[in-house]
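Before anything else, here is the set of structures, which you'll find just below.
What follows is chain A paired twice: with chain B in the first complex and chain C in the second.
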Partner chain A sequence: MLHRDTIPLHESSQSDIDEIENLIRASVQSGPSTVPAARPPSPPRASIPISSSPYMLSGIPPPPKSSNQKSPLIAPPPILSPSNNAGGFGSPPNTLTEPVCDTVKRDLMRIVNNLKQVVFPNPFREDPGMALRDWDLWGPFFFIVFLGLVLSWSASVKKSDVFAVAFALLAAGAVILTLNVLLLGGRIIFFQSLSLLGYCLFPLDVGALICMLNYSNAMVKIIVVTITLIWSSWAAYPFMSAAVNPSRKALALYPLFLMYVSVGFLIIAIN
Partner chain B sequence: MEESYTSLPTSHLLGSVPAVMAEEKNTTNHEVPAANMQIFPPNNGGDRGRGYQTLGSPTEAFEQQPANNWRGIFSISSYTQYFNVDTDLVLNRLINAMNPVAGDFFSKIDPNPDLYGLIWISTTLVFVLSSLGNLATYLMEKQTEKSTSWSFDVSYVNAAACSIYGYAVVVPLAYYFLLQYMGSNSDLIQFWCMWGYSLAIFVPSSFLMLIPAEIVRWLIIILVGTASASFVALNLKSYVGGSDVSVVIIAAFFLQIALAVFIKVWFFG
Partner chain C sequence: MDLNQPVGENYANPKTCFFHVIFKAAALAFYILSALFIDNFVIIFVVTVLLAALDFWVVKNVSGRILVGLRWWNEINDLGESVWKFESLDQESLARMNKKDSWLFWWTLYLAAIAWIVLGIFSLIRLQADYLLVIGVCLTLSIANIVGFTKCRKDAKKQIQQFATQTIASRFTSSIQSAFTVV
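Entry: the complex of A and B
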């Protein structure tokens, strides 16, 4: 693969990981004597070992070690946080040098997990603290663009206008809905709410795809869109209604309903 | 040297007793720094707005502070005062807006004008006009020649958004400046609120305008336009009070009628 460190390297040609690790070690060792080091300083080594710690954290089995392999890094450097795999924060050597398909796979798994939490029935849906704790914006972006593309493909004239209207409606709509809840005195986190509204578009994506593949029959389109619209509203409802004061619940939910109905109408009406 | 001691700034040392101090300086230096609200919360109101809003009045005193400096523009907390309405209050105001002859709308909204009505009524109207406009055009064409097929014209959305949002934002703004120039009292938020609610009557009338008969459509739009325009004019008259601005009020009446005619001609014509 991409590791040159089965061969003992010269000091001057270290790889990225090892430079960073050396810097960390140096800072730990050269710290003030009054401050105890976070971990005992590592012994000097003749060759640069394969540091298997990135692999331990990302859950992939380490490559077979070479014969002149010294003991791997004693403990992860203090900045690596042995937490869930969602943290890109404290582990730059980890995610910088992992293969691209690992990164993509990790993000895809996160999208699928979030989708399952939001759109499908699960026991934690009612609690906005639990659901979508690990929010991301890739999923919503993908769903919004996909819906715009499907609508644009379904249209026979003015395709670019249709995409523009759909994208603007959905993106600006998500932002405006979040701002609406905040202005009404509700408690939500801005990006978590954007993320949730994006994930709730998944049923409408499915509906739009079905309508595109079956565009001749208007009654089928109406039924499919109605079902997916109800599904989307059901997915977004607990989150939005829990965020505001109960006396203002309808004020927060009405714009949500308006946005989904307008998107649904757009799906039905585009021919 | 006593002069050097008396010239030391000691007003910040509230708990300390200055050692040597001339009597006449004592009273002037000893001022409590005026309860500067900005010292209290460690973060300015500027970065409070995201996410963690608390309802309730204890924070309102602090929230006035960010509205006074320029950073208040970017903080959500300085705008929540315009959205301080409950569901039943909004419904109440909507029902009052349908009543074209009682000129007391301003007194009803006076302590608490809201921008919620303006934003969401105009957005609803944009959606309704663009969707029902397409439907109405299709029904009308279907009557004249049986072979037309449904086609959705996206430019209706564009036209609806530009015209309705433009009207609802610009006209009250213009009236605010105009009435200020003419010396009457005027309050921008109340104007926005009133004009926003005046558009509410167009929403159900758009459903009625689906009827594919030209005479019926014109009749409906003239009725609805007159009702909405008289709502605007009567309320404006009772708010302004004086008679020297009657030209302005008549202009408001005709502007609203012009909007109604434009809606009919562009979307349902």
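Entry: the complex of A and C
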């Protein structure tokens, strides 16, 4: 005899309940944290471990003897305790009910991870197409604005124009480079490419900052900018070249180098 | 039933509604007022775009979830294709959402976009290219949110319909099943 079922279910009821559970599990829906469960499920159904565990965690007392009747259709969503982010039904993480701090943390970690992946020398960088799967535009936004600000600070006249030109150049440049690859028959995703080109500006940001702090010595500026330019190109190269046909590689990469070189000149020439 | 309640419901999430509105209003207000008082375009640009970006994030990640129970994002799957994902609460919770909250959500979204378009027309008339840049960025962010949430809402309705037909079908078959087994 099975000990786990204290209430003997009719065989068809168990299969009904199983079917409904499966349907709910298969859907992409979840419940809010403030809504109390309309009908918490009864504990005897230990044969469905995935859905019952969150119910157990939240400590809902089981209803008495409700499994015998045809249960009303809507099985209640689980009450997720604030720290429990895992999908209650074994589906991908349920982000609808997470607290705001978690969202903030998740996005910040994503920015940091993307930066590490793309820009920093990584001997395990195998598949460049997989870089920045988890794209986001916050990083590029900050880097472009930062570069514009640094250039604007370094300029002694027409600061607003310098900023506007730098921003427009970088933003439009990223969009045009992406379109270029797409038109060459390459396979990239628009936002992923924008994101990547934005993150690859990080070395140029560093270079511009150093140049701003050390603006008198032209030789130093040239060396620093050259190094950071090579670093930026090195970061962006694998992704762009992997996206197009080998015969078209140069056509895709030439505008990229052109853009970085022009930004480099802008940094050097600002005084 | 609480007879002392006013005729309409109150906002269920006043803090979220406040944040939803404040960043939009701050971006618009800063842009309009700064053109009168501040001479430095860089500051206007950076602050306005920053406020607009914060507003975009708050609407997408916080107030969308809490006020209307919708969420949208984009993922790249293993095959390297871009997939738009939509998430919504189930029908019960969606029906239970505060009407005033969702009214505020949608209307402020639309009104903010319209306000940016109007300001853009002014800039266009005055042929100020750099201010057009600011407006372009803010408008892009507003429209992205509008499109994302509208798609998400349609997707939620579709899923509810699908779910309803699926469960009706399964209940039907299971009741037939049980009818036959009892016999």
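Here is the rule we use: the second predicted complex is superposed on the first by the 160 of 271 C-alpha atoms of A that agree within 3 Å, B and C clash if a C-alpha of one lies under 4 Å from a C-alpha of the other, contacts with A are read in each partner's own complex, and residues count from 1 in each chain.
What we mean here is this: a contact is a pair of C-beta atoms (placed from the backbone, for glycine too) under 8 Å apart; a residue touches a chain by one contact, two chains touch by 3 or more.
The model shown is predicted, which means the values in this text are computed figures rather than measured ones.
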Partner chain(s) touched by A:245 [first = chain B, second = chain C, both, neither]: first
Touching partner for A:145 - first (chain B), second (chain C), both, neither: second
Chain B versus chain C as contact partner of A:255, first or second or both or neither: first
Superposition-derived comparison: chain B or chain C, residues of chain A touched: C
Which of chain B and chain C A:187 touches, first, second, both or neither: both
Partner chain(s) touched by A:271 [first = chain B, second = chain C, both, neither]: first
Chain B/chain C common contact set on chain A: 161, 187, 189-190
Chain B-touching residues of chain A, taken from the complex the two chains share: 155-158, 161-162, 165, 179-180, 182-190, 218, 245, 247-251, 254-255, 258, 261-262, 265, 269-271
Sites on chain B touched by chain A in the complex: 49-55, 76, 79-80, 82-88, 90, 116, 119-120, 123-124, 127, 131, 134, 149-155, 157-158
Partner chain C, residues of chain A touching it in the complex: 10-13, 15-16, 19-20, 23, 27-32, 35, 38, 73-74, 77, 95-97, 100, 103, 107, 129-130, 133-135, 138, 141, 145, 148-149, 152, 159-161, 163-164, 167-168, 187, 189-192
Residue numbers on chain C that touch chain A, as the complex places them: 40-42, 45-46, 49-50, 53, 57, 61-62, 65, 69, 71, 74-76, 80-82, 86-90, 92-93, 96, 129-130, 133, 159, 163, 166-167, 170-171, 174, 177-178, 181
